[in-house]
Structures are given as structure tokens and as C-alpha cells.
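Chain lettering (A, B, C, D, E and F) follows the sequence in which the chains are written, and residue indices restart at 1 in each chain.
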Amino acid sequence: MARQSGISEAVLSGHTADIYFSRTQAVLRAEGLDPVVTMEIFPNDAGILCGVNEVLDLLAAVLPTGGEVWALPEGETMAAREVVLRITAPYSAFGLYETAMLGMLSQTSGWATAARACVEAAEGIPVISFGGRHVHPHVSARLEYAAIVGGCAGCATPAGAELAGLQAIGTIPHAMILIFGDTVEATLAFDRHMPAEVRRVALVDTFKDECEESLRVAEALGRRLWGVRLDTPPERGRVTPDLVKELRVRLDQAGYPWVKIIVSGGVDAARIRLFHEQEAPGDLFGVGSAISSARPIDFTGDVKIVDGQPIAKRGRIPGMTENPRLRRVDLSEVKQGIH
Amino acid sequence: MARQSGISEAVLSGHTADIYFSRTQAVLRAEGLDPVVTMEIFPNDAGILCGVNEVLDLLAAVLPTGGEVWALPEGETMAAREVVLRITAPYSAFGLYETAMLGMLSQTSGWATAARACVEAAEGIPVISFGGRHVHPHVSARLEYAAIVGGCAGCATPAGAELAGLQAIGTIPHAMILIFGDTVEATLAFDRHMPAEVRRVALVDTFKDECEESLRVAEALGRRLWGVRLDTPPERGRVTPDLVKELRVRLDQAGYPWVKIIVSGGVDAARIRLFHEQEAPGDLFGVGSAISSARPIDFTGDVKIVDGQPIAKRGRIPGMTENPRLRRVDLSEVKQGIH
Amino acid sequence: MARQSGISEAVLSGHTADIYFSRTQAVLRAEGLDPVVTMEIFPNDAGILCGVNEVLDLLAAVLPTGGEVWALPEGETMAAREVVLRITAPYSAFGLYETAMLGMLSQTSGWATAARACVEAAEGIPVISFGGRHVHPHVSARLEYAAIVGGCAGCATPAGAELAGLQAIGTIPHAMILIFGDTVEATLAFDRHMPAEVRRVALVDTFKDECEESLRVAEALGRRLWGVRLDTPPERGRVTPDLVKELRVRLDQAGYPWVKIIVSGGVDAARIRLFHEQEAPGDLFGVGSAISSARPIDFTGDVKIVDGQPIAKRGRIPGMTENPRLRRVDLSEVKQGIH
Amino acid sequence: MARQSGISEAVLSGHTADIYFSRTQAVLRAEGLDPVVTMEIFPNDAGILCGVNEVLDLLAAVLPTGGEVWALPEGETMAAREVVLRITAPYSAFGLYETAMLGMLSQTSGWATAARACVEAAEGIPVISFGGRHVHPHVSARLEYAAIVGGCAGCATPAGAELAGLQAIGTIPHAMILIFGDTVEATLAFDRHMPAEVRRVALVDTFKDECEESLRVAEALGRRLWGVRLDTPPERGRVTPDLVKELRVRLDQAGYPWVKIIVSGGVDAARIRLFHEQEAPGDLFGVGSAISSARPIDFTGDVKIVDGQPIAKRGRIPGMTENPRLRRVDLSEVKQGIH
Amino acid sequence: MARQSGISEAVLSGHTADIYFSRTQAVLRAEGLDPVVTMEIFPNDAGILCGVNEVLDLLAAVLPTGGEVWALPEGETMAAREVVLRITAPYSAFGLYETAMLGMLSQTSGWATAARACVEAAEGIPVISFGGRHVHPHVSARLEYAAIVGGCAGCATPAGAELAGLQAIGTIPHAMILIFGDTVEATLAFDRHMPAEVRRVALVDTFKDECEESLRVAEALGRRLWGVRLDTPPERGRVTPDLVKELRVRLDQAGYPWVKIIVSGGVDAARIRLFHEQEAPGDLFGVGSAISSARPIDFTGDVKIVDGQPIAKRGRIPGMTENPRLRRVDLSEVKQGIH
Amino acid sequence: MARQSGISEAVLSGHTADIYFSRTQAVLRAEGLDPVVTMEIFPNDAGILCGVNEVLDLLAAVLPTGGEVWALPEGETMAAREVVLRITAPYSAFGLYETAMLGMLSQTSGWATAARACVEAAEGIPVISFGGRHVHPHVSARLEYAAIVGGCAGCATPAGAELAGLQAIGTIPHAMILIFGDTVEATLAFDRHMPAEVRRVALVDTFKDECEESLRVAEALGRRLWGVRLDTPPERGRVTPDLVKELRVRLDQAGYPWVKIIVSGGVDAARIRLFHEQEAPGDLFGVGSAISSARPIDFTGDVKIVDGQPIAKRGRIPGMTENPRLRRVDLSEVKQGIH
């Protein structure tokens, strides 16, 4: 994960920071003030903590020797308002990065938490993140990484997979089938040219009835066909549990019991539970918006000690908040890529 | 906006693309297929279109001569399922970028649309985007840019302000006041060291009653005080319309009618309307989560013509969709930074 | 309509009457009582009046000379608690038939009212009643008749069509296509053997994608194809407005603009409005349960005058209720089949 | 039940069938096709199965030797989409009767299911069906029969009682009391002329306060009075639990503890539960609309095997559906009236 | 209204005041402090102002010469948080009475506001307050007075009527009829012994059906009968609009068109509107709980000026609140009973 | 409680009675009728019985020897429609007082029941009634008494405390602090002049932030400070659980752990539960409107026996209602003040 620890120059320079933090640094410098402060960071809602490793990379890059950091590990559950990160160091060393640290945590924790909800609903059926297309390419890899921290079994983009230490997963897009003009032709071409280790998964809702198309590709590829993907659009009623059940029986009756069924298109936790209730879960869920449109979980950073004195703004408790779950972080290890 | 047009290598290389698009390119190449296709892109919900300029930068960088692009302008309103972008070119030139193009549009259009809702509720009172801290620093500038496309009057990060061609706006953070231990001391230090063109805005909810603190800083800075910012935390009941009205009267009674009131902390369109209804709008709204947590608006890209033949997957209409609002884009101008 | 006026022996004998009416007749006879009474019949809810012609047939068969009957015409709107029928005659002549008269009115008025709701929602698109299969065959013709009184343009059973003076309308059942094993084969066979005046309407959701199948039958029958019927089952998402719009375009693009689209399967007034809102009404609606499962509209018969004296039970107003909409009925004409 | 098995000529001739079934028979005959098919019939909702005996009478009349029928028994509970009837025979023998068979099952199962809900709510207090007046006299006997299959203890029409093998039950109608002009006079006349085995039940809400009238008839008839019926109209607040409780006490205080209380008028399952909760159930419930206005339960007939080959339309599973609850029916016994 | 101005010794002595006001007086006296203060009193909700005359009586009894009082008149509408009373005087003169003044206003304004809602719903039909029995006899006269301030045409208690300058209104209680054992006997006795100016109104729901009883008393009293009162208890379905309509017709048919109908028992504004909608308003409404159970409208007293200096607690605006609707009160006139 | 038993002349004279009771007495007297009657009194809703002692005082004053009274004790729970009081005596002795007796019970039982709900929610934290200011001073003592019967630990007015046999409880009003112009000054003055047994409780939301003010008064009074009262107005977000928690910590951190926290301002049972849920209950709750605005619980008085004969109006059961919870009351003891 060498790549992940590469904090960008825009962050390090404060270009992405709220400008009042730069100004604060200038004022404190002019006044000759640089107290050691303790800042605590906590989420406003419960969820799955994500992004903390990237924050530690940042802190490892900027904190002087003697800076002390306590944190919950990446991927842990966290309660609302539970302190997940505590930093003690001269304020000049890290005050500028409050915006960046909160942002790294907020958005990815939101995604990881949404992913976890889908994964729990799936009760063991693997869930793959397909939501990269709903977010800006500058963060799509972070989205995919967060989905995997939240429990997803894979993701669609190489950049995200690299962050998470996996291989990207994919089937065949509608565009390719439309160019070939026939699902079987497109799938056969895919089969001809792709390396053996790539699974053959046909997309079966482009031109014909999904069951008819599935039987056609199964006949054409036989044992080489790993699975079929159902992605019926809302204009045609989306993928229903009944369709999955019917397709399973028709594949089995026709002699293709090994062909797996992948369900995608508007899948979220509620819908996954519906497939389970109707006993039609399929073999894999592809989830997009249900993860990528998750609200960020707001995080707040509070200065709680200044030069040894407990302090707090109105509405908060002065001094350090006890949290026995926090672990002391060795920043020198973080610099070496050990989290 | 030279910076904006710099499409990153990760995007250009397909590293952030769903992997099946790379595989499609490989298969088509191996089959010797490269038809001219027309792809149409449309949103699933109505809103404010954002990100199209960045997509055009990408297309200007990759499309060959002869590629034809029609688009709605940045910042336009768009209807649900209205085609906002139509590309006609050899598929090999742009098929790989479907993920990136949709992502550029989806997330920023979601933000711009949410910003517009706040701006409309504010009925002329300026709205500033303060939400950079809720998203990853890699996209915080895009968020700020989208907020301004949606109608915001300013934003907090230099990176976002640069994208939008403005100056960043900021006050004083709680952390600085906590370090000084007194709001007046912190504000006076800010006043001593900041250039004249930076507005003096005191944050008045840190230690004392907001009205008491406002009068203290007004007395200390006099005419140099541009305004005060109310950011009362939820633990203390947030900023209420009554507080704004009371503070206005107390400032006026004490002889500080020029001091403006900035309202922040959990502000959204519904709450802005409430301030208006109770005739306590203040002079500026600072909005964070209400913009930064907006759902992406999903966009879809459909291949509609292949080598001149109308085609479509099930559920869609084959062939070109009429939309007289689209304008032909001159990509050579885009390359020169003209949008 | 000679058939309609044939009141069955089971009704005339009192076999279908609530037994206390037979006993009442016996007691009154034993006591030597037979006053002239005025009975008024009114519905508990507003709706479309149906069944009154059948009631008049019954009264024409049983009332002595001098009996006086006032009624609203078949198919009129009626208000809640509006008197729709007033009978003045010796009680012994008609008291036994209260159960039958109320039943004739209640159930068919419920059906006619539901049919009217669909017809009004359809705004001129014809609606056909297909609901015979949800009611007992002894009343299915009455259901079809009531649907037509309510405004339907046709019905599916010969018995119902005969009552209403029309021809039955039908397409092709799923069973026939399953026996032929192919939609085109079945439709061609239908075309070979049916008389010219029977419209050729193919059912296109049995085996293949509805659009694909529609184009296949259109190619096979050409100008002889009058229309296609969409009846997609709930397991496949039912018929959606988008499907109708897509099919219309695909038929037109392929050169079959004359082929009409019939929409059936779970169609009710709300859904008809949805098709209109989405500008996809099709050319004909087939409605089943939305009419056949309508609640009967309860009717009540009140004795209001006995031998010239106004009277009423508690809760009702004694004496005749004014209703200028009522028309005096000539029962001798009714006997001749004139309504 | 000889009467029940008399399937009418209108049904046998196909006159009540959807016309496309007649046309299908004609086409198949012209094509020389008559495969052996298996059709399965299932309800769309759970409930109480009714009408299956009448369907078996029909099948016994039309199926050739060798036809095979499996069914659930009359009055059984059935799950949604559970196969309740399976027919295997040449299609020409029974295809025409799909409309009639579904109709026989749908409407009566709806009624039986609604009756069961009332009977269960009554927790042992007998429920009598009084709803014949809300349906056409051609099916009122079927309604009464279905109510008894659903658990009712009796019904009001002789025709319905005959179908169910019982005696009809009745009290005194308002019309008779209005003709006599006094409840006591009417009840005494009834008592004078009715055979001893008919229960004397006075209707006590016509002219006077219900309690006052009850005491008057009790005084007049003494031990011969079996019960009183409360039928207070909605204009006077309907029968309330408090009225039942008060009447019980007043009858007991006045020395008529044997007089039973029958509750009627707008009674449904929810209201029966209310009487129980308030400890005022009375001795008998008369139920009308709550049963007679029940929605038919839609049934569907699917061809699942054609000449030994599993088949199904889209959305359904090809081949026979396992259901161990089905019992093989001996049609020769059915012909002899044994169900 | 000499009686009203008699402020009780318990109030004047501070016995009914919150004890901290007595203590405040003691502390201020001990400290030698007695500033002139301005106190403003406002309601938290909109409504009808009541009780201000009694407050003025209190102030007239305690304020020294020079005390200044501005007020809205009794019975005026008031907006939420509108200042309705402003007192300027030495604090020692009236500070002790804050509890009493607020209490006089709160409870009676709540009642007057509820009365107004009923009166407005009645659209001209007179409304009489019958709610004295739901409040303690020490305030029942205040309740009746407030109801009349709110627009009621009369009340039931002599004490309340005296406060309002009217005569009490009454009919006959159930207890009297139960003692006589017959409604007609009781009403005739009432007629024999009551002075001529007392209206004869029979209560007709005690023993018999309301219509039957009404006709009996009408026959017995003839032209001397002014009206009948319907008070059917909830156990018998309360008074329904249908009952009023039926009774009107039966009285008219029997030749008693002059007999008025009074509706009581659970009447509130919503129910009054229902009677109007169903065109059965009767001639008079008797309202109890709908007025007597009204929530008090909380009033608050704020010190806004102390010795000429504007001041206010947090949350309130320092200094005098403009309200051009206030009128200067001449306390010397108040002492003479002039309001 | 000698004071309580002093029934006022206005009650004894019938001046506060509904006038029809006076007229009834006149008519019965004129007719020479004075039967011994049994009247039963019951509430329409469940709750806490209050006011029965005052009713007994009244009965002790008016009933002749031989009058018999059964009652539930003051403060008992009572079921809806449970008889709580039964009086047997000549009607002339008590009929006039029906209005007064019902009123004494209705309003105070409503208050006691609401108080009980708060006390139960508080789970042992004491609740003080502060609602005297929302009701007329003629009943404010009755309100306070009822609150204590319902379980409150104290009340604010001396009159109410006297009725309940307690001492009134109070802190410092906003008015006093506004007059002193500083919370610390006001509290020190209070401390100087109040007797030692009066608890020193500072009101801390008048001028400054509540926590800042609390620390200031704690420093000024030290160990003499018993507690602080939070009464933050709605304009500033009311008292939140977070504020209580924060203040507790800040007091403890500053070395004032003995200072108690009193919570007031819009406190009701739901809000008390919220404080418990968030683990911030404080040490005392001050409750106003939640008790004082409780609806009266309507009580009804029914004559059930007249001269030994069971009787009742329609809707009620004639004769005595069994209730083994009732206790025979010795009125001679009541006259001596023994309840």
C-alpha cells in the first residue's frame, strides 16, 4: 500500500484546508504561540471507521518526534460520539490538517458503513462494489477501498482493488454487447480473447428475455461459463426474486447447474433482504448506489487540552475523554507502511 | 482554469475505470472491431448539471478529429432522463472513460443541486459552502466548485476557490480561540496580523453567551469588526432564529449596527426557510453537510447508434434522442480552455 | 333482451329469499292483513345504478294491476341514500322479493361503478372487461353486462355480450401458445382458421421478450395483424408504461405503425392514470379484478307508507321521500321488453 | 347435494367462457391437435378453499376416462400460490372450462375466507350469514354455502341452507313490524302462526328504545321468547357493546334471563373483537356485508406439461409443482355425489 | 361587577404567590432597593385575551399614584408573544403579584379561546356553556364568564352569569326525571311550578326513544313547550346529525314546528361543524368539556426596564416592546368599576 | 387542614351550581317529593383520585343523620368508569351540590394524574410543582395540593403547601436578578438576608452562559450554595441533557461536587424520560404546564336507586354497582377533620 501513504502535495500544502486554519497558523506564529494541544476526533453517528490509516499516514508525515497518537483500527465499529482518534502535539504541526483529516474519515466511513449494511443483509452471499461510476474518479478508488473495509468481497476498478490489495472484478458491459449485436457473439469473443483466469460471466438482459438468453449462452460456452448477470432495467421491472428463482430452475432443468446467477441493478440492503425472504438470493450481489450514495458521517475535531490545561468550547466536556478501546500508534511503523 | 483541464494519468490510463471496459477494449481490438458509436448520457433525476466542463476536457484530450460532441452547458437545470451529453466517435477512443465521465457528472451534479436548493431558500442572502471537511481532500475542491456552480457566493478552501475563480472565505476556528483562551484576545490577535483585505469576523459561541461575547468583541474592535459568526452546537440548542433577532437588537442598542451576523451549524434549506419565516435571516449563511452529503445523481450512458444503425438494450429507445437544448461543442476551443 | 326478463323459478318461488320474508307472508295471510305499502329503495353509497331493469322485469311479473313503480333509469349516477326505486302495491305481491331486488341492484351497481372509474381514468381509450373468471359462472354474464352499463366498450364472454347486445371480444390465451410451443406458430394457426371478422391480436409475453415477439408476429402476419397484447406477469414486473412506449417506437421503427397495443394484467383506474401521466396509454385496456372485485353497494328497502299512513322505523323519516329525478314506469311496456 | 352437481347448460356449452377459449378449441381442432396437458390451479392469496367440489362435479361431467385430477378438499386452508387443483387430460376435454372453474373457486373462496375471519373473531359465539341481499340471487345460495364452509353456523336463505344441508334461520323483518304498527303485536302474531320448531326472536329497534321494547316482548311472550335481535341503524349509533351489556342486565333484573341477544347491523371481525374486549358478546352474531363484500381471491390456471414435456410461460416454473397435501380424486365417486 | 373587583385577601397577602416573590420582596427591602421597573406580559400562543379586567382590578388596588398601565381590552384577539399588558411602577408595589396576574390571564384566556372556536363553528347558532361541573367551584364562575367573553350566549351557573351580567340558563337534569320516573310527569311538574319567564325545555333521552319522548312531551305541554334537549349518552351512540334531522321532521309532521332542538353531550367545534355539514345544526348547542378542558395559555412577565435602563434576560429583547394596540388604563376609573 | 373543610358560602348556597339543580329542588319541594336516592359518581377515564376529601367535607356539612357515604381514599388509582363515591340520602340534602362535587373531583384528579406521570418518569428524582402561575389564584392552591397527592415532593405557593401540610419551595426569580443586574450580586444578597433554613439555589441562565454563571456563583458562595437552577428559555434551545452533563462535569472539575442541578422550563414526562435515557437527570425537576394544563377528568353522577327501586337512564345499568374497594365513610369523623 505504498501508494496509499503518498499524501498529496495539495493536502500537505494546506491548499485543500479551510482557509481559516492557514490564517490561524499565521497568527499563532506571529504571536509566538505554539502550545502542545490534545485534539480528539469523534463521529456524530455510529458506523464503521474507515480512513484512519490514511490519516495516520498524514500524521506520520507531519508530526514531530514526541507527538502522541491514539486510534481505533481501520474497519472497527464505532459508536456515535465515541473518540476514535486522539492527537497530542504542538498545534503548529497538525492544526492545518483538520479539514483533510475529517474529510478522509467522513466520506469513507460513510461508504464503509453502507457497505456493511449490505454485507450483513446478504448473510454470506458475496457482495461486490460496482459504484465507482457515481463518484468522481479522484475518489473512486477510495470508495472501492472503503466498500471492502466494510465487508465487500471485491470491486470493479483496478485502482480501488490495488488500494485494497485485491484483483478487480468485472463481467461484460452492455456497450460491448450492443456493438456485437448479439449476446452470444459478444460472450464468445470475450471467451476467445480473455486469459483463462478471468471468469466468463454473460450479461443476459440486453436483447432477449433473460432466461432465453441465459440458456443460449450456456449452450454456447458450456462448462466455460461461470455465471450470468441479471441487470434488468427499471423500465422492465428490475430483477425480481421470482426471476432469479425461475432462471435457477430453467438452468437446472436444461442441464447447467454450475452456472451462477449474479444480481445487480438497484440492489440495496432492503432489497437483498427481500431476495432472502423469498428464497431467491442468487450467488452474488452487485451493489452500486446503495454504497456510493451513502451520506458522509460527519466527524468533529475538538481541542480538549492546551498546554496541559483541560479546556473545551461550550457544549463539550473539557479534558481528555476516556476510551479504553483506543490503541497507541507507533508512527515510525506507519512511515514504513505498517498499520 | 488551466488546472481543471489537467485530467489525471490515473483517469487517462483507465486505472479508475470499471475493469470490464478495459477488457472490452482488448476484445474489440482482438476482433478488429472499432465502430463509430453514438453514446447518450442522461441523469436519472432532475437537478443542476455540473462536471460537464471537466468531461469535455477529458473528451478534448482523447477524441480524434471528427468526433462530435453535443452538450448542455455547465450549471444548467436538467430534467430527469434528459440527454445532457451526446458523443459520436469511434468506440475505441472513449469507451474506456464511461466510468470516469459518469462519476465526474454524478457527484458534482448532486452537490450543485443541493447548493441550489439552499441558495433558493436564502432568497438573496449569500450562502457560503463550508462542507469541505466532510469529503475526501481529493474531491473537496470539486465540492466547493460545484457549490458555486449551484449558486453559492463563496467557499472555504483555496483549492475550491481557485477552481471557481474566487477567493476563499473564512472566519476564525474554535481551535484558535481555545488556544488563546479568550475570544476577544484571539480576535484582536487576528486583527493585528491579518492583511487589511481580510474581513474581521469573530466566532462568538466558544466560551460565553453569544450576545455577551458579541458585544465584547464589538467593543474591542469597533468599526474594524465586519461581523460575528454564530455556530452554537446542538448540545446548546443550535442557532435559533430568536437568537439572531435578539443579537441584532442588542448590537444595535449598544451602537454597533454595522456588525453583520453569520449563521452556521446544521444549516440546510428547510432551516434557512425557517429563519426567513421568523424574520431572522442574518446576513450570511454558512452551509456544510446540507451540500456535502447530497446523494450523487446517477447518470447513465447508453449506446444508441452503432455504425449508423439505431440500437438499444431492452428498456431503451433505439436511435438518437431529440433534445433541442443541446449545443454542439468545439473541442479545439475546449483544448484552449474555452468552455 | 328476452333472456334477461326470464326471472328464474328459484327467485319467483322465494327459494332465494331470506326466510323471514316467507314467514312474514304466512303470518300476514293468517291474520288477514294485506295493506297497500310504499317501499323505497336507496343505496348506502354513491355510484352508477345497475340492475334496475332486471328488478322491473321481476316487478312486471309479480305486481297486480294498480301497482305503481317509480325508478331511476339503468346506468344513471345516484347519490348516497338517494331513493332510486319506489314501489306502491299490496305487500303480499312483492314483499317476498326484497332480498332478490336488493341483491340484483347491489352487486351489479358495485361492478358498474368500478367500471365507470376505469373508463373515466382511460379518457377515451376503450376499456374491455376481462373479469368473468373471478366470479361464479352463474353471475359472470351479469358482471359483464354491468361493466358495459358502467361504460366498458366490450367484454369477453358470449353470455355477457348477449345480455348487453354486443359481440364478445377475445385474443389468444397463454394455454394455446404453450400448446403450439411458439407464439408465431399459434398466431398463424389462429389466422388460418378464424373468420375474417375476428381481429388478429397476438399475445406476446409468453416465451420471449415482448418487443422481440411483437416484431416476429408483425413480420409473420403483416397487415393482417390488428394488435398485440401485453400481459407481463408480476414475476416479471408487470406491464410498465416504459414498455408500452418502447414497443410503440420499435414497432414504428420496424415499419408496423398500424399494430395496436393492448395493455392487460393488474390494470385498475390508478394504473390507467399512471399510463396517461407517462404518456404511454396504449390503444386498449383489458381490466379484470378492478371491476370484478368491486364491493357490492348495499341497498336498503324501507317501508314508508302503510295504507296511506306515513311510517318509518327509528332512524328513518316517515312518508314518501321527494326525488324529482324518478320516472314513473309503465310495467306493461316492461313486460314487452321495453325499458 | 344432487342439486349442486347439476352443472348448468350455459357453463357446459361454453356460453359463460371467455370467448378465446372457444376459439382455441376451434383452432386446435382444425389443426388436428389435442395434446394431453397438465394444468395447475393456484390462488394468488392465502385463504379458505371453497368451490372445489363444484369444479369436481364439472370435471366429472366432462373428463374422459383416464383423466387424472388431484385436489385439496373443500374448506381447507390454502397458502398463496399453493397448487390446489391439478388436472391431466386431453386439452379438448376441459380447456373450454378454465373461466368457469376459476370463477367457481375465486368468488366462493373469497366469501369462505371472510366468513372464517368473523368466526375466529367470535371465539365460539355462533355467527349467522345474513348477506344474501347484497349479491345477485343467482349466486346468493353459493354465498350462503361458502359462509358455512368458512365456519358460519347458519344462513338466511332456504336455497343456501339446502346447498349446505341445513335449515334456514330467520327472525322478523322490519317491514312486518311496520305493517303491524307495534313490535309486540307483530311478535304475538308471529307466535300464533309459526310452527313450534321455529324460534321466536323479536326485532326490538323498530319503534321504541331497544331495552324498553325487549322488556315489552318478554312480558308478552314469556318463556316462548327465544331471543331478541338488536339491529340499531347507523343513524342511531348502531349496536354498541354498552347496549348489549345494559340489555342483558335489564332482562335479568326483570326476570327474563333465558332471553338471548342477537347482534346484527354492520358487524364484522373487528367489531366482533370489540364486543369481546368489552365483554359484551351477546349470544349470536348476524353478519352481512363483512362476508358478502369480500374480494374474490383470484385463481390462475397454468399449463405446465404438454404431451409429457415440462413447459411454462415466462415468470412461471415449467413442469409439475410438488404439493404433498393434494389428494387423488376418484371422479366416478364424484359422479355419484361423493366428495 | 362590584363583586369581580373584590380581590381576595389570599391574593393580596401573597399567600397564593410563588414563595420566591415574597422572598425577593424581603431581600430588596433589606437591601434598600426599590427601582421603578417596567414589566411586560405576553401570551405564548395566540387566542382571546381574558382576565385582564380582573388584573386591572388587582393593580388598581395595589399600585401607587404614578404607576402606569397599558393594556389590550378584555375579549380582544391577541397574537402569540404579543405584549398585552405593560406595567411601570416601583417593583415593591406589584412584584409579589406576578403569579396571580399570570394565573388570572392564563386559565381564562384558554377558556375564552376554546369558546370562540365553538362559537365560530356554530355560525350563528347560539352556544351555551355547560362546563361548570368539570372545574373546581372556586373557578367555575370564572369559566362561565370566560366562555361568554369568548362569545357564548349564556351559561348554566348563577355565579358565572352574575359575573357576565346575564341570567343563568338551564333545562331539567336527568336526576329529576329519574325521581319522577317519567319524563312527561317531570316536565309537567316543572311547568306547574316554574315562573312564566323560565323556558320549558324537556330532556328527552332518559327513558324512551328520543323521538317518541319528544312527541309525548309536545303533546302534554303544547305551545308551552319551548324546546327539547338531546343528550344521548355515548353508550347509545351520542346525538347524531341524523337523529336531529329525524326529530325535526317527526315534530313537524306531528304539528309541533315551534319546538326547538338543543344538542348537548360531547359537543365540540369539530362536531358542530359536522352537524352543519350534514345540515342538522339544531337550534342551540350546549358545550361542556370542549371549553372547560382547554389548556391554559401560558403568559410570561418580563422585566424590561429597571430605573430607566433597558434590560432583559437571555433570549429576550431589552427595553420596551412597541405595540400600538395597547391603550393607557386609568386606574382611578377601574377602582370605580369602569373597564 | 381546618382550612380545607371550610366549604365556601357560594358553594353551600348553590350559587355555583348549574341552575337546573336549584329549580329541581324548588319543583320537588312544591310537589312534596323528597325520596331517598342513591347517587354513584365515576370518572370517564382512569387516573389518580383527588378532591374526594373536599367532597366529604361538603357532604359532612350538608347530609342529615342517616346519610350513607362510601368512597375510595384520596390519592388512589381509579379505573375508567369505576364508582369512586356512593351517596345515599334524601335528595333534597345533596342534589344541589352535584355540580360542585363533580368539579372538585374533575379538575384536581386531572392534575394529580398528570403529576403522577411525571413522578413515575422521574424514577426517584424529586419533582416540584411550579405551575401555580398557569391557573387562577382561586384554585392555585388546589393545583399544588393535587400535584402533591399525585406524588410531587413540593410546591411553590404557601397556600398550596399549607393545604398539603408542607413548606413552600422556591429559588430566585429572573426579576430579582434583573433588578440587581448581576446573578452573583443577587444571590449574595439573597444569602445575606434569608434565614439559614432556606436553601440557596442560584438561577443561572439570566445573563451569561449557564456554566460560566454556575462557576461564578459557586465561587462566591462556596459550601453555602445548595444548587443551581437551569431554566434556559426556548429562544436559546431550552435545557438540554447535554447541558446538564456538561455542567455537572464543569462543577466537579472546578471543585464544587456538592452543588445540585435543578432542571426547569418546559419539563414534562416525555422530557424527563429523555434526560434519563441520556443519563443526565439532574437532581430535581421543576414542572409547570405539564401538570397545570392537564385536562380535567370528567366525572359523572348517576341516580341509581330511588326510594329503594333500582333505576337508571338509558345507557346505564339500574341499581347499585358493586365495588369492593369502596370504604364506608364516618361523616362525624370528617367533621372533626379526620379523613
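Definition applied: a contact is a pair of C-beta atoms (placed from the backbone, for glycine too) under 8 Å apart; a residue touches a chain by one contact, two chains touch by 3 or more.
Since the model is a prediction, treat every value here as computed from it, not as a measurement.
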* Please give the intersection of the contact partners of subunit B with those of subunit F. => A, E
* Chains touching both subunit A and subunit E, listed by label -> B, C, D, F
* **More contacts between chains, A-B or A-C** => A-B
* Please flag the chain sitting at the greatest distance from subunit C, going by CA centroids. => F
* To do: Over half of interface residue numbers shared between subunit D and subunit E means same, under half means different, so which is it?
  => same
* Distance-maximising chain from subunit E - centres being C-alpha averages -> A
* Structure fact -> Whole-angstrom distance, CA centroid of subunit A to CA centroid of subunit F, is 58
* Indicate the whole-number Å distance between the mean C-alpha point of subunit C and the mean C-alpha point of subunit D. => 22
* Asked: Counting only residues that touch at least 2 other chains, which ones in subunit C make the list?
  -> 207-209, 232, 234-236, 242-243, 246, 314-316
* To do: Please categorise the chain-chain contact pattern as a line, ring, star, complete graph or other.
  => other
* To do: Please give all chain pairs that are in touch with each other.
  => A-B, A-C, A-D, A-F, B-C, B-E, B-F, C-D, C-E, D-E, D-F, E-F
* Structure fact -> Per the touch rule above, subunit F residues touching subunit B in the complex are 207-209, 212, 232, 234-238, 240, 242-243, 246
* Touching residues on subunit A, where the partner in the complex is subunit D -> 209, 211, 242-243, 245-246, 249-250, 253
* Mind pulling up the subunit F residues that touch subunit E in the complex? -> 8, 10-11, 14-24, 26-28, 30-31, 33, 35, 37, 39, 51, 91, 95, 98-100, 102-104, 106-108, 130, 132-142, 156-159, 162, 168-181, 189-190, 192-194, 198, 205-208, 232-236, 288-289, 292-293, 295-296, 298-299, 301-303, 306, 311-316
* Asked: If you look only at subunit B, which of its residues touch subunit C in the complex?
  -> 310, 314-319
